[in-house]
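You will see subunit A twice below: alongside subunit B first, and alongside subunit C after that.
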Partner chain A sequence: MALEAEATVDASLETVLRPAEAAPLVRWWRTVVRSVAPVILALIAGGLLLLVLGRNPVRFYVAVWQGGIELGGWQNSLVLMAPLLLIALGLIIVFRAGIWNLGYDGQYLLGAALVAGFGPSILPNWPTPIAYAVLFLMAGCAGALWTVIPALLKAWYETNEIITTLMMSFIGVGVANILVKGPFQDPTVNIPQTRTIPFNKMLPDVGGTRVDIGVLIALAAVLVVHYMLTRTSFGLKLAVLGANQRTARHVGINLRQVILRAFLWSGFLIGLAAVVDILGLWAYVRANWNPGYGDTVIPFVFLARLNPLVIVPFVVFYAVLSTGGDLAAQQANLPTDFLLVLVALILLFMTVIEYLGRRRDLGQSYLTPALRDALRRPLVRRRSAQ
Partner chain B sequence: MTPKESPSRAPAIELISITKRFPGVLANDRVSLTVQHGEVLCLLGENGAGKSTLISILSGMLRPDNGSIRVDGAEVSIRSPRDALRLGVGTVYQHSTLIPALSVLENLLLGARSGLMLDRDGARKRLAEMAGMLGIEVDPEARTGDLALGRQQQVEIISALWRGSRVLVLDEPTSMLTPQGVEELQKVLRRLKEQGTAIVFITHKLHEALAIGDRVTILRRGRLAGALSPEQLGTWSVEDLRAAIVRLMFGEDTAGVAGAAELSADLAKVEQEHSGLSTAALDGTTFLELKSVSAKGEGTEPGIEAVSLQVRAGEILGVAGIDGNGQRALAEAIAGQRRVTAGTVELFGVAVNRMSVSARQRLGLRYMTDDRLGEGIVRNLGVALNMFLKRIGEPPFWKWGRIDRRRINAEASAMVKAFDIRTPGLDTRAGTLSGGNTQKLLLARELSFDPKVVVFHKPTYGLDLKTTEHVRAVIRDLVHKGAAAMVISTDLDELIELCGRIAVLSRGRLVGVVDNGPNAVDQIGSLMIGTSKELEVA
Partner chain C sequence: MNGLLTQSFLTALVAGGIVAAIPLMFTALGESVSERAGVLNIGLEGMMLLGAYMGFLGAHELHSMWLGFLAGIAGGLAGGVVMVLFSVAMGLDQIVVGIAITIAGEGITSVLQQAQFKGTFPGLGNPATVAIPGLSGIPVLGHSLFDQPLLVYLGIGLLALVSWVFRSTAWGLNLRAAGEKPEALDAAGVSVLAVRTYAVATTGALAGLGGAYLSIVGAGTFTPFMTQGQGFMAIVIAMLSRGKPLWVGVSSLVFGMCLSIGTALQLTSLNISTDVINMLPFVAIMAALVLFARGSYLPPALCLPYVRGAK
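Let's look at the complex of A and B:
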């Protein structure tokens, strides 16, 4: 006891500079509140918005529930979960290392274009398992490859990856469109789109449902990534790099290698999201098509605090909201874009809670310090140049 | 009735029962202080005793929860640093607040009453007047960044007194100074005292308090632990004063007394071992050698140029120098964290320039960083994991890339015991440990698993007396077992206590190596100052 008291006195100077450490249970509870509160507040605000628009919010949310879960809607929700989960995992890996990969659109669409381009010719002619393996690897590697330039620039020259991944994404989206309109164009139609993968060659369904095995692949990936982050040396290296780059350098972690590997894994998983989505749901790709999964999943990745297990309930929530919301919006005679309003409201309330948390010095943030610094760096430069 | 015209009998400053609470800590608990005009009050205490909080309250950076402040007998409330200056309380902070790119005069004008136009001529006159009063010379047009740190501090003192302050607060003013700089500071303070200025001098160094203070007040755990009056300081012997102060700093409870006894036992041991140390070092083989190594600086801190030195087995080589003279570049060049642009770093006779940080670690090189929180640990990871950060992926703690938690925890709890780390548990987040325990954690990490060459960078900076002695004992023990150690420190007393030879680093160059002996302090001091004076003339 006396020893402990002494330790506290020793610490008092630092405590002056840093808010007091709350009890573990209190910290855990705060985390839960901060994760769930923005979602609930967004639903409430969305309801008020519906009222203003002259719709019945209760009826709207009931319709979401019916469309997303009842009446077989749960099957559509599960199908949608597969690409969302895989993209979320890809983001979690880099975010853990304090790196932004905002090039998910380019990585996803390149993978999707390749699968939809080669799938119709490979699948009917090759043994199915081999064809699947080739397509999975192809899309995964395409996604990974598209991160290489930002990764090398970041690892060797500390170039801000927010800018490079976004630029690469624009190029990737463009290349995917060129592929779809050019070599992969379906010669039998006038619309710019690829040929369609034969229905019997799509990913098999889980016994007796319309849900393909994509969601099982995604859930398996959740477990693999969780294991990787919590049990392997690579996961710890990611955590150290994400927590403090100077510490990572000091303890002898090969920064370049870890940055490169984090990017490759991220791109690979996002590429896998494309295969699962094309082989499970869409069967073809149309030019200028972009489901924009990454943008919608990012807020949830931060609400889940970069935890691959916690992301699952959030993705379930969004999948239900999305599938049911389509139906509900139609019933309420609203554009389906109303769902984007709800996602935007979640982001808005995250910002508000983040601001309040900082004001009250709760010492918790949705973003890790490294990610926040990377976001700020270009702004800081601009300011000093003025 | 303005206070300037009537040198009133009332004390310059009275703090009455000041209490300041932070979440979980009582930083100041009913502290009362009085400072008279023309007197130096030394405020002594360990880290975390509440000195900085008290000073922040006095200078308007913090507001007390309870208690009152009187200036010249009148009750006042100090809500901001501006209020403090208006009331005649000037503060010199531990770290420079001058703008390096501006001239001395411009820096002083920043603190002046802001009119529409800058009154340069008036300011020049005032500066000459004040420099004359303090007995120093300052070139008003010199860029402050080019001045030596001691000179910069004099400018800070002038700045604090610029608007006629009659109370001067100095927060750990000697931490950045050479021995000669400390002497000059003492002269300046003596002259200020003669002018009737009241001075509050904060320090954690005992001998400074005794040399400079008219009265010494000791803070402990946020409370006033005791005070020594001018009479006591004048009549007691140095040993008695020391004993009294140590008792007041550590307290009379069992833990404190045990600590003090330990401390004096340690000190006795040092003196015994000291003579043997330097001779033992001579027959050791060279473990670490730098052959005219250069490395670039980072930001405002300089790099190193053509540094050559040797560290032998069984030896502690000290590297003295004022902060920011290339210490970090030197340490990082050895550790492999910074690219060497010229020359070679050799470990056991093998050039390691191209080896990575971890490859050098595997050879037995360890670097204990001075930036414990910013570089040493990951705050959000547990104590056990932090102790194994330098062995990530290595068997037997990782098998096939998979962490063996049980093994790590077993080893970690042995390390916690061996290095006396006080932590609630192995999974406790390292960021919640106190400064002393954080340092012990780093010691445990660097000194376990057979270290052969260890570079310590400011190993006891900011630690309390007991932990300081503990760390030094560990370093001594290490070299007794045959390892080689390099201690980079800005605390000359520490180097004198520990090292056989002391190299002096100045502006990134090694300006000399001094054998530890009776004249070492003077030699080192003149080596430090020699180069900086040359540069000032040029």
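Let's look at the complex of A and C:
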């Protein structure tokens, strides 16, 4: 009798603690809705904005489709995917640990400046594989190096990494400009830009297309990062740290080491994004150039719930939107910055859907608790720390 | 260092420093208000840009600097209202919403500028200044210090006002309670949401005013992305000033001088590239963060949405 009562109490507790555990298919469907709905809503709101600006939204989106997919546009989109994917992976690693790295612009541009600066002299003179290896390592390490100060400050003094990575980013952009205008400047032209990497030394194309192997490298990196996050102890440590810092400390994880490694990996991958972008597409860097990939990829990193496999379709979508959007914006006589508005709308709708979802208990949140708490940890060192 | 401390250099440094400091000061003051109330505003950059564009548009179309400032306040306020709706009323993640506001501000002002001015960048005339009799006659620095647009004096007055509000009024107490311990404020019968709403709206308005000053007085025109990270600088200034308005004024002036040192150096024989100079304020901030990291202060409830009855 008593046992029975206990059992019913347990059962009712169960329903209170985990309300409405839905069937796997339903849950899967809800997750898809929560991830895709913000994008669709943002496109609709963007269309309304186009109407207000006196543009034809249907024509705009048709132009996006034409420019991003048809007539070989898909090839440009695939090329663009390579740097976007690598930056997204770099962000996923730190975000998983509940750490913000908003210094992607500086990390990316430093890598790009180094590759475009050394590439034209290294590539023709050295054996190609060695030259590639050196350039990949150089840019990756430059990106990683640029995260070291914020990482150390965060690991030892709990200094807020949002601020430090942003500040380092501005400094990195400045250093990249100084390099491009100074030692790397092409002496034969008046415009401040680096020399151009010879065409035959760029990354080779995938058979019969204009798509270089950069996107394959990025997809390989997706698998590597997925493996790292789900099958290695480092991935588990990241997840524990992201879930709860105190738990992480209690189970004996070396927080400082994990924070440092997360930052270094993040910067390294963002540096790699610069290599595939310069060696695959641009071949040179002009002063004050900044493609601003990081800002636009952030919403999709969240929508993919920090999952390296799920980020792929989102990056495909954004690569098409961005490639086609450039053309569509030109046709509509708008600056390409209009795409920034679309990205911001996706972010805002994402938070709204999150709000509605939290009220209706739809699936998991897009932010780990630690990310949300990142700013609760003040700049001051906590008395309880270490 | 030949000729570094000449009169023209000092004048240019101080005058330029003040011009550059005022937008930072307004914006950082706004950030102090909302940080104290427990809302971190990463969207400051976007609000500044909205204010800068609206302010310039107002001043350009209505031929009045003051209407321009008002329009700038309205522009920043629009960004603030978005923040209020999403982060205060709905309690959504302040950082994500802030990033969205920054990106949206960058995009929309660029689009509107292009739509309105079709690729041209019209300028405004020099703003009228008010010289303080007597003081502006002081040799060397008198003219650059005491012959400023009226808004500069008003801004310094505002610092003192906000400082007084923080310290000596019930409003200020509510504001601080909303950031330190919102439950206590709620228990005392004051609506946390209302206090935070006013605080964030104030931030938006002040950031808009800062942006408007940047475009109307500082640059005399609007170019897309013209704030160049000043919104983020303002966040750091607010943090390092520990929410104390008078410190906001002092640190804004220091960072303003960093921003304007390039123009002043052109008057000397030193030849330093603009890229080095543009980096200076950020290097200074990193140095300040490394040195004073333990001295800065953020309210405990910062970034936490307040939900009544939640654990």
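As a convention for this text, the second predicted complex is superposed on the first by the 336 of 386 C-alpha atoms of A that agree within 3 Å, B and C clash if a C-alpha of one lies under 4 Å from a C-alpha of the other, contacts with A are read in each partner's own complex, and residues count from 1 in each chain.
Everything that follows uses one rule, which is that a contact is a pair of C-beta atoms (placed from the backbone, for glycine too) under 8 Å apart; a residue touches a chain by one contact, two chains touch by 3 or more.
Keep in mind the model is a prediction, meaning the values are calculated, not measured.
In the superposed model, A:351 lies in contact with subunit C only, and not with subunit B.
Of the two partner chains placed around the shared chain by superposition, neither subunit B nor subunit C is touched by A:186.
By the touch criterion stated above, A:246 is placed in contact with subunit B alone, subunit C being left untouched. In the superposition on chain A, contact is made by A:233 with subunit B only, not with subunit C.
More subunit A residues lie in contact with C than with the other chain of the pair subunit B and subunit C.
Of the two partner chains placed by superposition, only subunit C is touched by A:159; subunit B is not. The residues of subunit C lying in touch with subunit A in their complex are 40, 42, 82, 86, 90-97, 99-101, 103-104, 106-108, 110-111, 114-115, 224, 229, 232, 235-236, 239, 273, 275-276, 278-279, 282-283, 285-286, 289-290, 293-298, 300, 302-304.
If you check the complex, the residues on subunit A that touch subunit B are 2-4, 6-16, 19-21, 231-234, 236-237, 239-240, 243-244, 246-247, 249-254. Interface of subunit A with subunit C (complex): residues 53, 100, 149, 153, 157, 159-160, 162-164, 166-168, 170-171, 174-175, 177-178, 181-182, 295, 298-299, 302, 333-335, 337-345, 347-348, 350-352, 354-355, 367, 371-376, 378-381. Only residues 22-25, 27, 47-50, 52-53, 221-222, 253-255, 335-337, 356-358, 361, 367, 369, 371, 374-381, 385, 389-390, 392-393, 398, 401-403, 422, 429, 432-437, 464, 467 of subunit B touch subunit A when the two sit together in their complex.
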